Amino acid sequence: MEKIGVYVCHCGTNIAGMVDVQQVAEWAAAKLKRRGVVIGRDYKFMCSSLGQELIEKDIKELGLTRVVVAACSPHLHENTFRTACKRAGLNPYLCELVSIREQVSWVHTDKDQATAKSMAVVSGGVERVNYHAPLEPLKVPIHPDTLVVGGGIAGIQAALEIADAGYKVYLVEREPSIGGHMAQFDKTFPTLDCAACILTPKMVQAGTHPNIELLTWSEIEKVDGYVGNFSVTIRKKARYIKTEDCTGCGICWEKCPKKVVDDVFEAGMGMRKAVYTPFAQAVPKYPVIDRPNCTYFIKGTCKACEKFCPTNAIDFNQEDEIVTVNVGNIVLATGYETFDAKRIAQYGYGRLPNVVTSLEFERLCNAAGPTNGEIVLKDGKTKPKAVGIVHCVGSRDKNYNEYCSVICCMQGLKFAHLVHERTGAEVYNFYIDMRTPFKGYEEFYQRVLEEGTHFIRGKVAEINDAARTPDEEGKLIVQVEDTLVGVQMRIPLDMVILSVALEPRRDAKETAHKFGLSCSADGWFIEKHPKLDPVSTMTEGILIAGCVQGPKDIPATVAQGAAAAARALGKIHAGEIALEPFRASVIEEKCSGCRICNGLCPFNAILFHEDRMVTEINPALCQGCGTCVAACPAGAIVGTGFSNEQILAQIEGLLLLNVGEEAVPA
Amino acid sequence: MKEYAYFPGCSLEKLAVSYHTSALETTRKLGVKLKELEDWNCCGSTTYFHIDELLAYTLTARNLAIAEKTGLDVVAPCSACFKNMYFTAAHMKGDPDLAEHINFALEEDDLHFSGDIRVRHLLEMFAQDIGPDEIKSKITHPLEGMRIAPYYGCQILRPRRDHEEIENPRYFEDLLSAIGATPIEYSLKTRCCGGSLIISSRTAALTMVRNLLQCARDQGADVIATACPMCQVNLECYQQSVNQEFGTDFSIPVLYFTQLVGLALGIPKNKLGIGKELVSAMPVLAAR
Amino acid sequence: MSETYTFTFMKEVSSLLHAADGNPFPMCVQCGTCSGSCPVAAYMDYTPRQIIAMVNAGLKDQVLESNTFWYCASCYQCTVRCPQGISITELMYALQRYSIWKSRYREGLIGPSFSEAFAKTIVRTGRTFEPILAPSYIFKFKLGEFFREIQNATELMIKGRLPLLPPRIKRLENFKRMIRRIIPMGGVE
Amino acid sequence: MNNEQFEPTIIGFTCNWCSYRAADLAGTARMKYPPNIRLIRLMCSGRLDPTFVFKALTGGADGVMITGCHPGECHYLEQNYKALRRFHLIRRTLKGLGVEPERVKLVWASAAEGVKFTNEVKNFVEEIRALGPLNWGGVGGNGHPIAAPITEEVPA
C-alpha cells in the first residue's frame, strides 16, 4: 500500500479565507487513512521554500511514496512540487497538485460548502495518485533555427537578438519591405526622435545580417510539428522581379505609367506606382509589381519597366513559390491595424475632408510623406489655424472596443506639439482621461501644457459642417461638453485628427488557428500568463511579441521582441526541451487489430502492422491527447499520466462524499 | 398581395390625416394592404413613461396583442408609436416576468401577447420591405429635379443599437431617388425636431426647428420629407413662430413621404391630402 | 457648506426601471458624450452628465429642483452613443416618475402637468386629444403661450386637422379594468 | 434550513488547453459559480472515454459537463470533434437506459472564456436541479447534501 502525504496550502488568506484548510488536512489524515494517507498537513504557503522542505522532510522521514498538494492551479506550481519531490528522491510524477484556489476558494462564497468541496477535490487527488507511475520527462531536441513572423519593430528586434547570438532566423513579412507601422511615423514620443532615424539602421542590419534570411512579400501557409521541430510552409508571392539581378536603382518605378493610391504605407494619403517599393529606405531594396494594378497584367501591353530595366531584372512569368523551413521556435509579431473611423458616422470621417485619422496625420507631418511634412488641409496649401485632436476614437467604448489603446494620449500630445511647432495653430485635445504613465511621458504632457495647447475634458459627441453662426461658416464644428465646466461647446476648427484605436489584425483569428493559439474576446493573442509570462503562449515553442498581444508603445514592443528572443535563445542553447511524458502506447498482446484507432490520430502517430495485425504508436509523433486511448474497445492503448485507472479513481474520489460508506470500493 | 396590420395612432385621425390618407392610397397602388387594428388605443407616446413605466408598456401591449391576432407584421406610421411597439415587443420577449405581469392585465380585455410579431415603421415598409426597385418600377410621374431633404428624426432609428447605421442611414435617400427626386445631403437629418418639447421649453424647441430648417435650406431643399406626425407638425406649424422668434423667413413645405411617393405614382393631389398643409406645397408642385 | 455622499437616491431611482436595458448609472465615467450630443443641453440647469453624477452622489434636492429631465426631448441620441451603455433617456423618465410620485418639482415647469393631463386623457378615453395643441393644460399655465399658438390652431381647424370631440375606444370598460390591474388605484385619476 | 433545496453533484471534464484554463481564469477574476461542480482535467476532450461519464453517473453524480475547445480550435487539431461524436453517443445510450439525456452537457469554452464557463456552470446546475436527483430506475442514486462531509473513516 502506498504512503500518501496530503498538504493543504493556505495561500495566505487566498484559500484559508474561504476554506477551513486545517479541517481539510485533518480530515484527510483521519478519514482517508485506509486509502493510504499517512500524514495531512496545512501550511501558510506550500510553495515557499519552507513549505517545500516540509514535503521533502516527510518523504525522507515518513517514507512517503505519493504526494498530494491542494493549492493553486497546476499550471502555476505543478513543477514546483514535482521538483521538491525529486529533490527528496521521489519520482516527480508521483506528485499530484489539485486546485482548491482557482476552482474553490476564489469562485465560491460559502465557507462550509467550499470546505466540503475541497475535501472532495483532495479525495479525488488521493485516489488518483495511487495509480500514478514513475515517469521520466520526454527530451525533445530543439532545432536551432527560428522563424519570426512580422517585420515590424517587434519582429526586427527579436530577429536581431537571435541572429546576433549566432543562430539563424527566417524573418517573414507580408508587405514588400520590413519596417511595419513604425516606418510610417514621423516622430516618436516623448523624445521626438525621428522614427526613420532610429528604425532604418535596424532595418538595414536585419537586411544584411548573415544569420537572417528575409522573406518579404511572403505569407505563412501552414505550420506542422511541435516545439523543437516545426515545419513551416511559406508562400513567397511572385515579385515579378529577379532579385538576384535587381540593383534597386528605381528606374522601373520612375518609368511605370500607372499611379495607384497607396492604402498601406501612405494610409491613402499618397500615390505609388504599380511597380514599387513602399518607401525610399525599404529593406530589401527590390520592388514588387502589384499585379492587380499593373497595366501589362490587365491589358497585356506596356512592359515599360521591362524595357527600361538596365539589368533585365523584370520577369513577368514568375510564379508564387512555396518553401518549407524547419525551425525550433516561432516568434509571432504580426502587430495591429487601426480602427475604421467610418464606423463612427457622427465624426464625419470619409465625408468631411479635413477629418483625418492619426495614421493619416503621421504621413501628413512626415518629411518623407506626400506633403513633405507640411501640415496642410485637403486643398494641399492652406495651413490650419485651429486643429482638434480627438482621443479614444473606437477605444474605451462599449459600442466598439472596450479596451484602452494605450498609445493615443501620448500620440495626441505628440501631434499637439508638432502642429503647434509647425503651424502655430490653436490646438485642442479632447480627452476623457489623460494617461501618461511611463518614463518621460508626464514630463512631455507638462511641456505641451506649457506650449498652450487647450485640453478639453470631454468625449467629442459629433463633428459636422452645419454652421449656425458666421464664425462657423466653412469650418468643422466639434460639439462636445466641456465636462469641467458643464457646458456644451461648439468649437469651429479647420482640421480634426481622430486618434483611432489599435485593433487586432483582421485575420488574427485565422493566424491564431494556423499556429494553434487562441485569441481573447477582443482578438489579441493570449499570453501564457498576463504578468509573469507575457511573451509565451499555451503552445510550447510559439512566442508572441508586440501589439499582437495587445496595444502597446514602441519601448514596450521592443522589450517584448527582445524578451521573446531571449526565450527562444534559452531553448536553443539548452539544445533540448523536457516535455510532459504523456504519450500513448499499445499493449500488443491486448490489441485485436480492429483498427478503430487507426483513423483517429491527426499527427499520424498510429501505424498498423499488417503482418502481425497489430497497431503501434510512434512515441516521437504522439502528442498525448489520449483520443485513441479513449477509443480502444479492448483497452489495449494506455496513456501515461492520464490512464483510465487514474481518471476512474479520481471520479470515485471526487464522489466519495456523496455515497454511503458501504458503497465505497474496497 | 402583401398585407400588414396597421396601427395609425391618434395623430393620424385628424392632425396628420393627410399622412393617413396618402398612406392608404399609395399602398393600395403598390399592391400592399393595410388592415387597421380593431379598437386600438393610444400608445402613450413618450409621455406615459413619465407617469408609469409598466402601464406605458401595457398600453402598447394591448395594441400588439390585437395585432398579433391577425398573424401579420404590424406597421406604424408614427415614430413614437413605432418605438413604443418595437421596444415593448422586445422587452416582453426578453423579460418573461414583465410579460406575465402585462398579460395578466390584458386578460381583462381577453387579450394575450406572446412576443412573436415583427414591428415595422411605415417608412421601413416602403424603403426596405417593398424596396426602391419595386417602387421605381411603378412610378409614372417621377419627381425629377425636386430637391428633397429626407428627415428621419429620432425614434424611427433610436434607441435601437442593433441597427447598423443609426448615425448615417441611407434608406430614405434611396426611396427618394427611386421616385425620381434628388435627395439632399444635410448633416442634421437624424437630429431631433424637438418632439413634445414645444410644451415644456418653447425656446429650446424653436431653436431646434430653426437649426433643422436652416441646415435643409442651406443645402437647397425644396421640400422636407417626414415620416412622423410629430416631426411634421414641429417643422411645419412652427415655421411661422420660428420666423417671429428669430427674424428668419422660412417657407419650406413639409410633406409626408407617402404624399411624395403618391405624387410619383400619379395619384391626384387631393387624394393625398395635399392642400391641408400650413406652408403651401403648391409653389413647388405647381408644374406637376 | 459641504455635503456628504448618500447612495439611497441612486438606488431608489434605479429601482424605478423595470424593463429598460442598459448598464447601472454608477458605471458612468463622466465622459460627457451624452451632454455633448443633447440638443437641449444648453437650456438645462445641469447637463445630463451632471445629473448622473448628482444622482450617484445622492444630491436629491438639487436634482429634483432642476429642469433637466423635464426638458429631455426623448431623442435618445445620448443613449445610443453612450460608450458605457447607460440608458440615459430611461434615467430621465425615471426621474420624471420619481418627481411626479413625490409631487416634487420646480414651480412653473409645464412638463409635469402636461404629462399628468396627457395621461389622464388616455386613461379616461383610450385615445388622446391632440396633445400638442390641446389648450386645457396650456391655458392652465401660460395664457401668453396659448395665444401665441392660437393662430396655428385656428389655421389647423380651418384645414380640418383638429378634432372637435375627443375620440374614444369601444371597449373602454375593459380598458379601464386592464389599467386597474397595473395600477390598483386607477392610476393618475 | 427551510425547504431543503436539492443540491446536485456534477462532474466536469475539462481540456487542459482551453476549458481548464477558462476555469482558472474564472478563479483569477473572482467570478462566482455554485460549488456543485467538481472538475477533472484531461489533456483533451478527445480523451473522454464514455466509461468516465457512466462511472460518474453511477457513482453518485447527477450530471456531467464535458468541456472542450471550440470547433476548429482544438489544441490537437480536431480531437474535439471526436468528443462531440461521443457526446451524442452517450446521450443516446442514456436515453436507452431511461435516464434524461440532458444530464450530460457539452460546452465549448476557450481559455479566454471565463465568463462563459461560469455562466454555463450556473445554468447547468440549475438545469440539473430542475431534473432532480438521478434515479437509475430506483436503484442507487444519491440524496446526500453536498455540504455534509463524511465523518466515518473511509475503508481501504
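Here the chain labels run A, B, C and D in written order, and each chain numbers its own residues starting at 1.
One rule holds in what follows: a residue touches a chain if its C-beta (ideal position, glycine included) is under 8 Å from a C-beta of that chain, and two chains touch if they have at least 3 such contacts.
Predicted model only: the values in this text are computed from it and were never measured.
Engineer: Would you say A-C or A-D is joined by more C-beta pairs in contact?
Structural biologist: A-D
Engineer: For chain A and chain D, let me know how many angstrom lie between their CA-based centres, rounded off.
Structural biologist: About 31 Å separates the centre of chain A from that of chain D.
Engineer: Compute the distance, rounded to whole Å, between the mean C-alpha positions of chain B and chain D.
Structural biologist: Centre-to-centre distance between chain B and chain D: 52 Å.
Engineer: Could you state the distance in Å from the CA-based centre of chain A to that of chain C?
Structural biologist: Using C-alpha averages as centres, the distance is 50 Å.
Engineer: Provide the C-alpha centroid distance between chain B and chain C, rounded to the nearest whole angstrom.
Structural biologist: 22
Engineer: Quick one: which residues in chain C touch 2 or more of the other chains?
Structural biologist: Where chain C meets two or more other chains at a single residue, that happens at 42.
Engineer: Do you know which chain D residues sit against two or more other chains?
Structural biologist: none
Engineer: Going by the contact rule already set, what residues in chain B reach two or more other chains?
Structural biologist: Residue numbers touching two or more other chains: 161, 167.
Engineer: Check the chains against each other and report every pair that touches.
Structural biologist: A-B, A-C, A-D, B-C
Engineer: In their shared complex, at which residues does chain A touch chain B?
Structural biologist: 344-346, 348, 399, 464-468
Engineer: Applying the document's contact rule, which stretches of chain B touch chain A when the two form their complex?
Structural biologist: Per the touch definition, chain B meets chain A at residues 161, 165, 167-168, 186-188, 211, 214-215, 218.
Engineer: Where on chain D is chain A touching in the complex?
Structural biologist: Of all residues in chain D, those touching chain A are 9, 11, 17-18, 20-21, 23-24, 26-28, 30-35, 38-44, 46-52, 55-56, 59-61, 69, 72-73, 75-79, 82, 86, 110-113, 118, 142, 144, 146-156.
Engineer: Please output the residues of chain C touching chain A within their complex, sorted ascending.
Structural biologist: It is residues 23, 29-38, 41-42, 46-47, 49-50, 81-85 of chain C that touch chain A.
Engineer: Where on chain C does chain B make contact in their complex?
Structural biologist: 16-21, 39-40, 42-43, 67, 70-71, 73-77, 79-80, 87, 89, 93-94, 96-97, 100, 109-112, 114-116, 118-119, 122, 126-128, 130-133, 137-138, 145, 148, 151-152, 155-156, 159-163, 167, 169-171, 174-175, 177-183, 187-188
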